[in-house]
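Starting off with a structure, shown below.
For clarity, chains are labelled A, B, C, D and E in written order, and residue numbers in each chain start from 1.
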Amino acid sequence: MSEPVIEIRNLNVDYGLGDQAVHAIRDVSLTLHRGEVLGLAGESGSGKSTLAYGMTRLLPPPGVITGGEVIYHPEKGDPYDVLSLTDRQLQAFRWAETAIVFQGAMNSLNPVHKISTQLTDVLRAHDPKMSENSRNARAREMLKLVGIAPDRMDAYPHQLSGGMRQRVMIGMALILQPQVVIMDEPTTALDVVMQRQILGQLVELRERLGFSVIFITHDLSLLVEFSNRIAIMYGGRIVEEAPAAAIYRDALHPYSSGLLGSFPALRGPRRELTGIPGSPPDLKGMPSGCSFHPRCPKAFEPCSSKIPVLTPHGDRSVACWLVES
Amino acid sequence: MKYFLQRVSFYLFTAWAAITLNFLIPRMIPGDPVQALVTKYQGQLSSQAIDSLYVLFGLNKDANLWEEYVSYWKQLLTGDLGLSFTFFPTPVSEIISSSLPWTLLLVGITTVISFLLGTGLGVLAGWRRGSWTDGLLPVTTFLSSVPYFWLGIIAIYLLTGPDSFFPSSGGFDAGLVPAFDQYFIPSAIQHSLLPALTILISSVSGWILSMRNMMVTVSSEDYITVAHAKGLSDRRVAMSYAARNALLPNVSGFALSLGFIVGGTLLVEIVFSYPGVGFQLFQALGASDYPLMQGIFLIITISVLVANLLADIAYLLLDPRTRKEG
Amino acid sequence: ACGDSPNDNKNAANGGKVDFLSIGMPNGTVTENNNPFIGTSAGASLGYRWMIYEPLGQWNNTKPSEPLTPWLASEIKWSADYKTVDLVIRDGATWSDGKPLTAEDVVFTHTMIKGNEALNIFAIPYESITADGNKVKMTFKTSQFTTHHKVIGQTPIVPKHIWEKIADPATDTIKEPVGSGPYVLKSFSQQATILTARESGYWGTKPAVKELRYTSFADNNAQATALSSGASEWSFVFIPNYQQTFVAKDPEHFKVWAPGVLGIHGLYINTTKKPFDDPKLRQAMNMVINRNDIFVQAEAAYFHPEIKSVTGLPEGAGDAYIADEYKGKTFSVDAPGAKKLLEESGYKYDGTKLLDKSGKPVTIKLTDPGPWSDYQTTLEIIKSNLAEIGIEATVEKPNQNIWDANVQKGDFEATLRWTNGGSTPFDIYQTVMDGDLYKPLGTAAQQGNFGRFQSPEATAALKAYSNATDETARKTALATIQKIFVEQAPMLPVGSDNVGGAYSTKNWVGWPSDADSYAPLQPTQAGALTVVLKLQPANS
Amino acid sequence: MTASAVTMEQVAPVAAPAKRQRFRFVANKKAAAGLLILAIYGILAVIGPWITPYDPGARGDDLVQPPSAEHWMGTTHLGQDVFSQLLEGTRSVMFVGFFAGIVATVLSVIIGVTAGYVGGKTDEVLSALSNVFLVIPALPLIIIITSTLDNAEDWLIALVIGLTSWSWNARVLRAQTLSLRRRDFVEAARATGERTWRVITFELLPNLTAVIASGFVGTVIFAVLSEITLAFIGVTSATTWNWGTILFWAQGQQALAQNAWWWFVPAGLAIAVLGTALALVNFGIDEFVSPRLRSAGKTKIKTNTGRTVRMRIGFTPVIRKEPLP
Amino acid sequence: MTSIPDAKAPADEVVLEAIGLTKHFPVRRRLRDLFSNRHDAVHAVDDVNLTLRRGQVVALVGESGSGKSTVARLLAQLYPRTGGDIRLHGESTRVKAGTAFRRYCARVQMIFQDPFASLNPVHTIRYHLTRSLKVHGNAGSTDAELEQALHALLERVALTPPERYLDKFPHELSGGQRQRVAIARALGAEPEALLADEPVSMLDVSIRLGILNLLRDLKERLNLAILYITHDIASARYFADQTMVMYAGRMVEGGDSETVTQSPAHPYTRLLIESAPDPDRLTGAAEAADDDRGNGEPPSLIHPPSGCRFHPRCPSAMPRCSTDLPVPLQIGDAPGHWAACWLYDTEEVAK
């Protein structure tokens, strides 16, 4: 496996402070390697988005990062902790090193500015010396790259279809050739045909440009198909992390296997669907021990008292007493 | 075409109904201009004058309401607003044209300044929440609730006087003749400072508050987060992303407030003896001067309708989503 | 920079000596209208019409019984029955366009008024108007004894050669006035009207004041503020607590002079409403009204001079007319006396409450428009005065138009209102008691007798007074009128009008005063011209 | 299929609803302060006339006296007690404000909601009506109408203010109703078979509460200012006192020029404080309605260690402390 | 609920039928259209035929904006239709409001797409369900009976114990719970047909499954006719007896679910199924070769393409496709399998 780009170490994120605080991310450690697609899955509310925003310090109030480190390894130079950067350094770091594509493209694009303005102002902010013409040329190039005719440069977001807007966002994310692209449910609002088109394009671009991707979705079949490794989150923690194929074939954590047993397959023989009983935990009143134990069909003695830690097992890690023992 | 006609007829209907009401309402006032005039002079005008005044004002002939209404429309359509009673026999149009500029300049400029200032402060207060700007809010809330005529009177008392820079009343120095020269303009500006300040203080907070709230709302939009994620400078995010979008609802509010310029600041003009339309209206009310009232109402009606139109156009210009697809 | 700016000479004015006089009136805005006959014109509202146009004679309101001072007419002679007047027109008077003023102009003016009801604001019954050389003779259908000052002293004379070309003199705004007076119009704006002294051609002495600046203020407050800041040097306005709010600002220069005239304010009582149809009750009420309180608290101790004589005639201007019977008889607050009077005439008390003869408590509604704060104050005082004799009064503040209509229709119980004013007490008593003006309840009585007072005796006496041809007849008639007024108390007089003003001696001196009351000190009166002509620079 | 519906039973404890939503409004500090002031005014409106130290209209011997032990706010030119006038005037101001507010609100709800929900011709007619009322200048209209009244009693003034000031709220409500009308829950109620009047009163109106309430508060402020303005220019009831009447007398007597500030200032302040209280309540409603404003309410937070952190959009604060137990 | 309506009725009885159903929405006119006489309309649904039978689930799939929800709303009589007919038990019905509409509601109920929007945030669960029972007279006559009926309803959708949910507000429930309340509300009317508009699209995979199981269970126990709208084809395969595919306002294919999903006939259906994520495909194996196929935007519904609406994107388009509107053609492999595509025209095949 290649060297890491981003190492998240013991990240903790709260919403609010004091007694009101909701611990949305607890002690999460995760490593993204150069050139890979890391999938992040889990039920809704499990903290996937919080993790993505937290590691870039983009959480809106009342989000607070209460601990941990996010070590970034630049292509050249020494690694540094993103969470310790000053505001100015952070501004320079953003987009140039990590770019983010959000869930709703309509909401991610400013409705009152032309997309050309929104593409070029990144360039202006990060490279003030660049000339107007070369900025435009670069923007045009990026649009072509994501399959949009450059003559749509002067369109406003609402004049583009949902898929085109999403592709503009991807183009914008790549315009500074960042090392890492974080994608938070980039295709859930689109239908399957469009979804495939966009993801296909992304994979192709990644092969050409060599950036790494953190890909967040709760559509497991999509993840299994598109990512190299998958991390499964539950209740603010990562419960399992493994190569995609490995998880699909043989999930170690009962929650992961529950998830995998919940979606019907389109092809092949009709599978039996198991589902997961119960409903996701309330972050304010987390069960003791393993937070999944009240829903776990295989729960046993230590599960309700001790929190399992994510421990490596070969090329995968899992946090479950079942595997420990 | 049918749709267009529908819109137009809707506007025409509104204008017609408003103008008709404007015609009827002043006539609900009991008494007549002659009596009002005699009463105004409280004995200085002998009651022997009454008969001659009826003849003078042309009120000695009986006309029923319907005939008056018909002739009112005839006049209106020929652009004639009739003669004022208060200032008999000055035509209403002359009175309005001599006082409207004052109102438009004083209240208009003040409204614009108030909007710009309020919006600017609102942007600051909304963007830099938690800083000193938070202190702005209680003060402005309080000021916005102060009756502005009260504020104006206090300002006159505290700030004007024999040696004060601020004149206590009027639109310009009594010794001057209105002209665009180096004497008149500074004097007009000097005279407008206090009334403008009064309006400004009591109206600016409305803009601050609404702009701040819009900023707060817009700040949590995804595209703001994206703008931050793009590493843009704080200033650029605040202005080009947050403020630019937060401005939209305020702009139509602003256009509408332009429509209320004419009718909205009656008391400031009264308190400061400012030669504007609001004050004329107030005088007309006291004098049962229907033609003048109607004329001013007409101006107000038209300006509100035009302001509505402006609001639409402004929105069209500022929000590409409402523009026609290209 | 702008060479031909109309404001260029402003600097000159600032350079040391002040050669202008700032005059203000609290009449709201004005529009450019210099027609001297129209009451709504700026000229009338601010008073500058009298600086441009002149009357035949000058009447001194403060000394109403004195003969008029010859002005454009050098001689004014009325016949004994006051139906004919003979005038000699002054030589040497010219119009501001240079043409001479002749008897023809006088005849033209009065003939024009005669033939145009809209211009005949005094409703003068002209008969004939003829000229003979520089002499003019006018005859009238009725005696002009009570209105002669209006014909001669309050009718401006206008140039024939200009006015004969005016299509409708009643609705022309005369943008470029040409008059015989010492001033010509320099400029007009809503803010200020500026008059400058004529370079030449004025028949009298050239005025010392080179420029008159008339400003119209929105209301009394603005005018009073302008006075106390010195922005206005002369005005006629009600100044509450004027000693403190005005005079104290510059005691050396700021002065107020408010001589009473023959026109009064009083509480009209609706004599058709029970129990106020009883003169005794009205008398009793008259006895408890504290006129001094009203004078001091409501009228700032100057504006409506207190009426002391029981005849309702003001001090000074009215003195000459008081009947012998009432000479020296003054009002005094006498609550016990009033109570006694009431009880003697059949009224009873229930505790402190007064009961009328039928046993019902006596209550009265006092009405006047809300915005008239001095009237409102007066009513409040009357209310508490009446309470002393057990009458429960309430004060109502209808809108002015409603009040007008109600008062005219007789739909009120008691209201504070003014009377007409004139050169004799006739106007006062006529407004209150004239049976000829009587209209039944519900019909608008526009000219007077709002209280529906019915006394044929009074009507006859009023007629006799105005038509009398000699002094004794007038005196008898007036004595009768006064007796009725005092005994029947159809209206309770409170204060008189004044023709004074507030002024500043900082720049100009020579104002009329008690010691030398040569003219009214109200800028809108015809006599204001006399004042302006007398003013001299303060530091000369 | 093994996971039958019956096994989908709740296992995780459903978090007890800590506080019912309706009390949260009072928990808002601004709203609470506003309500408190309003309550005081309300109490004074009821008991004010009974606790006045003097008859507010009674003349006394101390004319234009500054505040003293006998006259807390001094006296007028007639020796009346300003404090008593102020107390007595509270009732009229509160009555007119709230009565006019209720009239205008009821009208605006009836007209606005009907226009928005029923649509079509009805909408056209009602919209035209409110447009006409919007176009006609309110204050002059109120002056004219009240000037035709024989005696402008409080309830009449309030009625006139109410009848002339509903149009703006009606427009807002119409727009809001239009957006609600197509909401699924309204359609769903219709699809359930509810009658139209039930849909309007039970489905739409409760959701418009906030808009209606803030419209109501706005109208009350407008009505109070209008009443005071009317009284100030002399259009007022004969028998009752309000703060405008005090200002009217004070201005008529040039209180300030007489240096009698005690006569002029308190009434204006009383108005301003009432207005502020209403504005505070309005904020409360705004924040109550818009969760965005609510959550964004807190901008400074204190950490456990006593440090103050400013919440900033785009730069999530990082507070490192001991990792969670 | 005490009895199951018409439980004895034959299982394949037709409950609700749409024939040639058409809906055009007039377009809001823009400023520049003011002077023209154009009357544009969104052709949201054109000539749709659909049959719901007792005890059967019909799935309706298709891309976003293809008119699926519109069909459901038309069937629920929430929109007036532009053309075509809706037959309830063979009887043509057109109701707008009033008693007739309520009577129709009692037999055909709709579950809205979004459980977050279809429950009124200001009312409790009890209110929602009580209204549904009361409006259709299923509430019994006493409070006790009402309570019992409420409990029965909640138990039927597996929200147990009922007391825990009755007095909650919608925002206090999770998405899955809300969706079940919405279903319970529809069941409160004791309908014969249930129109479920994407009842699971907003939900998580694990919760999704619960709802689908619940619907299937209800279908079997209550003998309901269900229209299941989704764009998740895999769930259609799993859950529905029949599947219909819609494209740009028209039905393009229909038939037995297994057949339609396993051997799709229409090129659009094929594109749809190929696009669906498939975990069994290898990582990153997004066929670049596929790129030219199906690329392009969904068509404008204001000016829909002439002929077959899919022809601009169709890899096997023929000249005929752009001119002639394809008719439904029987596909050989399974009974009832049809597609509206000229590829299956026997003459064409013969050529």
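As a convention for this text, a contact is a pair of C-beta atoms (placed from the backbone, for glycine too) under 8 Å apart; a residue touches a chain by one contact, two chains touch by 3 or more.
Predicted model only: the values in this text are computed from it and were never measured.
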Contact-graph distance - origin chain D, target chain E: 1
Chain pair with the most C-beta contacts: B-C
Most distant chain from chain E by Cα centroid: C
Identity of the chain that, by mean CA position, is farthest from chain A: C
Whole-Å separation of chain centres (CA-atom averages), chain B against chain C: 38
Separation of mean Cα positions, chain E and chain C [Å, integer]: 89
Mean-CA-position distance for chain D and chain C (Å): 49
Rounded Å distance between chain A and chain E, as computed from the means of their C-alpha atoms: 32
Residues of chain C touching at least two other chains: 221, 225, 228, 399-402
Set of chain B residues in contact with two or more other chains: 29-30, 153, 156, 220, 225, 227-229, 234, 270, 325
Sequence positions of chain E contacting 2 or more other chains: 209-210, 213
Chain B contact footprint on chain A (complex, rising order): 53, 56, 58, 60, 87, 90-96, 99-100, 102, 104, 107-114, 121-122, 125-126, 155-156, 158-159, 172
Chain B residues touching chain A - in the complex, by the definition given at the top: 220-223, 225-234, 236, 240-241, 244-245, 248, 318-321, 323, 325-326
Complex contact set, residues of chain C against chain B: 1-2, 5-8, 10, 13, 20, 22, 28-33, 38-40, 42, 117-123, 150, 170-173, 187, 189-192, 194, 213, 215, 217-219, 221-222, 225-226, 228-231, 249-250, 263, 265, 399-402, 404-405, 408, 418-422, 427, 431, 446-448, 497, 524
Chain B - residues contacting chain C, complex: 29-31, 35-37, 39, 41-53, 55-56, 83-90, 94-95, 98-99, 153, 156, 160-162, 164, 167-179, 181-184, 269-275, 279-280, 283, 286, 288
Residue numbers on chain D that touch chain A, as the complex places them: 1-3, 7-15, 295-296, 298-299, 301-304, 309, 311-324
